[in-house]
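For reference, chains read A, B, C, D, E and F in written order, and residue numbers begin at 1 within each chain.
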Amino acid sequence: MKMITAIIKPFKLDDVRLALNDVGVNGLTVSEVKGYGRQKGHSEIYRGAEYEVAFVPKIRLELAIRDDMVEAVRETLRQAAHTGEFGDGKIFEFDLEQALRIRTGEMGDEAL
Amino acid sequence: MKMITAIIKPFKLDDVRLALNDVGVNGLTVSEVKGYGRQKGHSEIYRGAEYEVAFVPKIRLELAIRDDMVEAVRETLRQAAHTGEFGDGKIFEFDLEQALRIRTGEMGDEAL
Amino acid sequence: MKMITAIIKPFKLDDVRLALNDVGVNGLTVSEVKGYGRQKGHSEIYRGAEYEVAFVPKIRLELAIRDDMVEAVRETLRQAAHTGEFGDGKIFEFDLEQALRIRTGEMGDEAL
Amino acid sequence: MKKRILAIGLVAAIMSMGVTAPAEAAVDPEVAYILNSLLFLIGGFLVMWMAAGFCLLEAGLVRTKNVATMCLKNIGLYAVAGILYFLVGYNLMYSGVDGGFIGSLSLWSAGETAASEAVKLDGGYASASDWFFQMVFVATAASIVSGTVAERIKLFPFFAFIIVLTGLIYPIEGAWTWGQGWLNVRGFSDFAGSTIVHSVGGWAALTGAIILGARRGKYGPNGETRPIPGSSLTFATLGTFILWLGWFGFNGASQLALGSAIDAVAVSQIFANTNMAAAGGVVMAMCLTKFLYKKVDLTMVLNGALAGLVSITAEPLTPTIGQAILIGAVGATLVVFVVPLLDKLHIDDVVGAIPVHLVCGIWGTMAVPLTNDGTSFAAQALGVVSIGAFVSAASIIVWLTLKYTVGIRVSAEDEDRGGDLSELGMEAYPEFGHGSQKI
Amino acid sequence: MKKRILAIGLVAAIMSMGVTAPAEAAVDPEVAYILNSLLFLIGGFLVMWMAAGFCLLEAGLVRTKNVATMCLKNIGLYAVAGILYFLVGYNLMYSGVDGGFIGSLSLWSAGETAASEAVKLDGGYASASDWFFQMVFVATAASIVSGTVAERIKLFPFFAFIIVLTGLIYPIEGAWTWGQGWLNVRGFSDFAGSTIVHSVGGWAALTGAIILGARRGKYGPNGETRPIPGSSLTFATLGTFILWLGWFGFNGASQLALGSAIDAVAVSQIFANTNMAAAGGVVMAMCLTKFLYKKVDLTMVLNGALAGLVSITAEPLTPTIGQAILIGAVGATLVVFVVPLLDKLHIDDVVGAIPVHLVCGIWGTMAVPLTNDGTSFAAQALGVVSIGAFVSAASIIVWLTLKYTVGIRVSAEDEDRGGDLSELGMEAYPEFGHGSQKI
Amino acid sequence: MKKRILAIGLVAAIMSMGVTAPAEAAVDPEVAYILNSLLFLIGGFLVMWMAAGFCLLEAGLVRTKNVATMCLKNIGLYAVAGILYFLVGYNLMYSGVDGGFIGSLSLWSAGETAASEAVKLDGGYASASDWFFQMVFVATAASIVSGTVAERIKLFPFFAFIIVLTGLIYPIEGAWTWGQGWLNVRGFSDFAGSTIVHSVGGWAALTGAIILGARRGKYGPNGETRPIPGSSLTFATLGTFILWLGWFGFNGASQLALGSAIDAVAVSQIFANTNMAAAGGVVMAMCLTKFLYKKVDLTMVLNGALAGLVSITAEPLTPTIGQAILIGAVGATLVVFVVPLLDKLHIDDVVGAIPVHLVCGIWGTMAVPLTNDGTSFAAQALGVVSIGAFVSAASIIVWLTLKYTVGIRVSAEDEDRGGDLSELGMEAYPEFGHGSQKI
């Protein structure tokens, strides 16, 4: 199994969720994060003093998937989250050694 | 070392924390997430328009543990977070290559 | 590639970010978490009843980096986040199998 | 309660038994002058407070990323409205209308000042107290607009519209009735402004909403409505309570006099009716949404309270309490049905100002003859239509002029980021963990 | 300050030196009528504003997941209370009680209206102003209940209780004293309602809390208390400030007259005493919690302010400022000790309404004879006990009836999800990152 | 609007045509007494409400981790200020100053009480109404300090300072002018307290800010300013609206009389001018920040409103509306430039209280002779300088005494954790996801 972590633009979440649904992902965890990369923060003036807002709001997705779905999910994420602008985000892939469904105790692919 | 990530129901956090304590886990990081899986969101009506609330609030736990504790932790999580209803959550296990305690510089199992 | 996850004290974030910048990290994702470890929570009294605040606010950093930067980043984090007090936090290192930049489709080290 | 009885007894004792105040009572003219002015001042500060109510209601119903912008617009428009009303509005509305269409163009200044040796009592009240009270009304009309067009309008074009609305559109249509212009001559009756204040704001908002278009993402590709819940129902509720409180000033002080017993009776009735129309709106909205949707919709209940208040505003004096409750309840019913209707038409009204202020404004105005014999449906309809036509036409011209010159809508990118970052460069709740993303 | 002296000088000059107003003063009856009505109206809108205060205090002290429900309950109960008081309450309380136990069953309607040719001045004030002022009081009693039983009661059964409380229970016990019923005959004295309003709400809340049971998780398996901090202390603080402000109307206008110099003196004293009792409560709560717990507990300080206010309500006129401070300080002391006591008894009072309104209501009522010679401990105790017994018994019957018919408590699952999702289907703060989880 | 015309007509009819009220009018002394007292009571409750305004403004401009502490300080200081003003303040300020420097040391007690048989009307108003109105002013001065020194001062030393400020410093300098002391003799004029209230708070805040030092992290290693945005601009905006509303009482009731037509005229003018100075401040701050920084700064706009209000406070009566707008606009300009200036000097003023209350307080006071012929720049400067010198010197002594005895600053660790956890042991928004970290 693999764990995919993706950082995307917040307003893309709905599109991404629906697209993932279509390729058969039926479990997903999201959290609210901030980040920077090529898309830098920006400087603002607050009460006459300039300061840098280093971080930009992003949404972080976590998906545990079967190995055979990696390609499809990667491609789906890439397309659904794409705008072409800086800050579109990243996809990170990890090896997931084990998974377990708390409700039933199922393990491995069954648990996803 | 292993890193265990668990997604649980928010109101189970206290029980889980105490149970983990009992099996000797003495470090834990939690964050607030939303997710869906078998437990779907639900549709609501807001100002006369139906809409779907796709995500359900969950708590995400991260625990770095020694390899020999994986079984115990897994079992503890499974029991303490269990309600038997949809949405009880998941346990994900990863290989943790290295850990370091910032305060002392200790590394590996010492750092946990 | 490696994924470094660090848990640090919130008010250290600015220092850490600048220090990482200096060693060439130019992408970073942060989130707000709570945790405990050696630094326990504390007990408070609320309306005459004592209770324990188990968790302390922390910031969680995620950095995907090239393998050759692991040492430098680890050291930088250790120094910049250090206060010497309990609760300074941890650094966790994972193997990152694949990374992809959504905007361009670049993969691997190029994507970071 | 001994004390109470004592007090009442005492009061009763004070009065020679059986004293009656005729309608042409004999309160000392100077005392009446003071009391009339005091009514304006109390009413005025209560209506001023409504600016905060609109601000919170709207800040609570937009997403986090537009909250600071909403706050700025509301405090800004209150200031701008006052200045414009001083510069041109008041005299356009009240000076020399004489059955016509418009007053005169001049700065307002107080007729008498405290520096004078003596005060002429003929006016009946201090002219500055009247100005203050009239000034806060114009801000109300402006506040209505800001809610509807929120989350996508550019800041300065918005203020440009407000300048025209408060400096020209409102004073001119106001002159027709309250300034004793032609509509007044035709017998149109609008006690405290269901049409003259609320519908006017509503028409301006409606035309703005149509010309601006809906917020990105409000209507799906298949035309379905995608609700965009607001950032804080607590602020929205507080805003509604503030408006409710302010409305006692809005309607109560529109009696314009407290210098006789009969005026005191009238103001008291107005207070009671105003309150009960809102109560009727609340209860009706609770029951209806529970019945229709199985769950009570708090935002509809808040709109219901305001619907009741707007509905009673055209005639808060003549209804009995029972009638007031019904008038408010009908208003709330209208709101519960018009809110989804507007969505079907893809008219995106962020806070529900159009159903509340425009639709209930019309309803309240048309309901006047039901309880007030001195009025007619024809005259009421004439007022509703003529004011509606004028304000809509004028608003459309201003909106379109702005649209095709400076532009009125923020860029898609800025809309996604939110007005707080794009127009103000600051966040309402900057600390981590307050996203602007409904999930 | 020249201006000031001038102004004062001027005022002094206006008055012929040495003029004295006898208690049976000679203010023109019509002027007195206006001023009396005005006092009711100002007092009334201030007390109406307390509804917002209760709303925010309670919304701030419940968890995020119940905030919207709390807002709904508060605006809803204010509306319901007004309607019930119109339908049955007012006349049950004030019409033809005559030393007895209950008034008559009829709709209220204004005695005189602005449409009349003339106004009889005997009443002393516009009847609608009195009704408005009395009506806002009943809502206060109802607000008290909503705070205590929050986070676990079902919405509609809650409103059913409020209907009985505001339509029957409150008016009946109110008739006994303020309606000039039997308790009044026995010399029971409760100026503005420490017992008649606050304790009544408190008894209804206490019985409700016991019958409902505690919130899930409030008391641990070993009986220990597990605090459940509220979602926003800022809203709780604002709510307290609003209540404090509203209390000037609550107590001040309970003088029921402003038509003579002596009434003006009385209302002024009441304002000062009301303020200082609250101040005494604040300072005492700050010092006590610092002393007992090493840290100042803001929620206790807020309760302390309200404790002071409730305590002075039974007699805000006769104490000196110093006595008022002490009366308030004793009230706050009671609260600081009763809050944990209730927890020991596993009575889960979400906002501390029982210590504040019930306990301090009793304390304030029993303290009346300390400063008011015309009252006796026996009469006060009679009032406290008889009203307490009646209200508790009636409340228990209503709560139990509801419990065994429609049920009063939400399911465990709904309680965990929170009322906002289960009863309203919406969240107070829907944007990401506002959990409902205290960690 | 038929009704309106009718009403106006009626009023006009009531008055015998051409009646004129001479400055020494003939309002019945008892009626004047009631109206004067009523003005104090209304003004008083409006100013009391300003305590909530300061509380929210400050709670909104500090970080989440200090919000509960801010709330506690504000409700606490309002209570403490009232008690001190009763214990020593009022009589120090008003009793037997006689052109001198200080009054007498004694508890305040009401001159006449409702228990008396008769009321002497010479005073012109109920003494308790005056006391109440004066008392709320002293709390305002104290509120100003709490904002500036927020987020780093220890709780009890803060209250110790407030005790001295409200018990001694304010009453003494107040006695010089309003107590008819030496400054009054010299012709210093400060209608409602630009200097006597606002600058006094400002000087105490400025000395405190310097002696305390800046918050950790406010100024970078290279001396650059690192903005620390506040937790909630919505609360800050609401706080500003509350202050704006309260200011009608602050300035309006400082006319000190409503017992004649000329007083009614004066109070009305004051209301209008007060409002328009704030409006001028808002518009100026919007335009200036847009021009200077390309984006409108909401926090500056809020400060701009308050700048306008403080600026007009020294003389809200004599300016025309146009002049009032300008006076407010100049005040806002000062604020926009002084805020970054203070940062350059590394004086860390969390909420901008120094520019708003101190700088605009001075500006407003010096501007009095521009519209009021009876005043001179020399006398105004004398007042500004002498009060400034006294208050600064006294404040420095108190701050330093506290610093070198109990200490005034929290430990670095406690500052990082925030006052809410370290001083109160509770969080303002305890539920997950409300960090205290600006990222």
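Here, contacts are C-beta pairs under 8 Å (C-beta built on N, C-alpha and C of every residue); 3 or more make two chains touch, one makes a residue touch a chain.
Note that the coordinates shown come from a computational prediction; the quantities given were computed from them, not determined experimentally.
> Treat each pair of touching chains as one step and give the shortest count from chain C to chain F.
1
> I want to compare two interfaces, B-E and D-E. Which one has more contacting C-beta pairs?
Of B-E and D-E, it is D-E that has more C-beta pairs in contact.
> Measuring centre to centre with CA averages, how many angstrom lie between chain B and chain D?
51
> I'd like to verify one number: the distance from the centre of chain A to the centre of chain B, where each centre is the average of its C-alpha atoms, in whole angstrom.
18
> Among the residues of chain F, which are close enough to touch at least two other chains?
Chain F, residues with two or more chain partners: 23, 25, 27-28, 31, 38, 42, 229, 232, 259-260, 263, 293, 295, 297, 299, 317, 425-426, 432-437, 439.
> For chain B, give me the residues that contact two or more of the other chains.
Where chain B meets two or more other chains at a single residue, that happens at 30-32, 34, 44-46, 54-55, 94-95.
> Show which residues of chain C lie in contact with chain F when the two form their complex.
My answer: residues 9-11, 13-14, 30, 32, 34, 44-46, 57, 59.
> What part of chain B is in contact with chain C in the complex they form?
Touch list, chain B to chain C: 3, 17, 26-31, 62, 64, 94-103, 105, 111-112.
> Please name which positions on chain D make contact with chain A in the complex.
217, 416, 425-426, 432-433, 435-437, 439
> Under the stated contact criterion, what part of chain E meets chain F in this complex?
Its residues touching chain F are 1-5, 7-8, 10-23, 25-28, 31, 35, 38, 42, 46, 63-64, 229-234, 237-238, 240-242, 244-245, 248, 252, 258-269, 271-272, 275-276, 278-283, 286, 290, 293, 295-299, 301-302, 305, 317-318, 320-322, 325, 433-439.
> So in the complex, which bits of chain D are touching chain F?
Answer in residue numbers: 23-25, 27-34, 36-38, 40-42, 44-45, 48-49, 51-52, 55-56, 59, 67-68, 71-72, 74-76, 78-80, 82-83, 86, 107-110, 112-122, 124-129, 131-132, 135, 155-156, 177-178, 180, 184, 187-191, 196, 232, 235, 254-257, 259-260, 263, 317, 374-375, 423-434.
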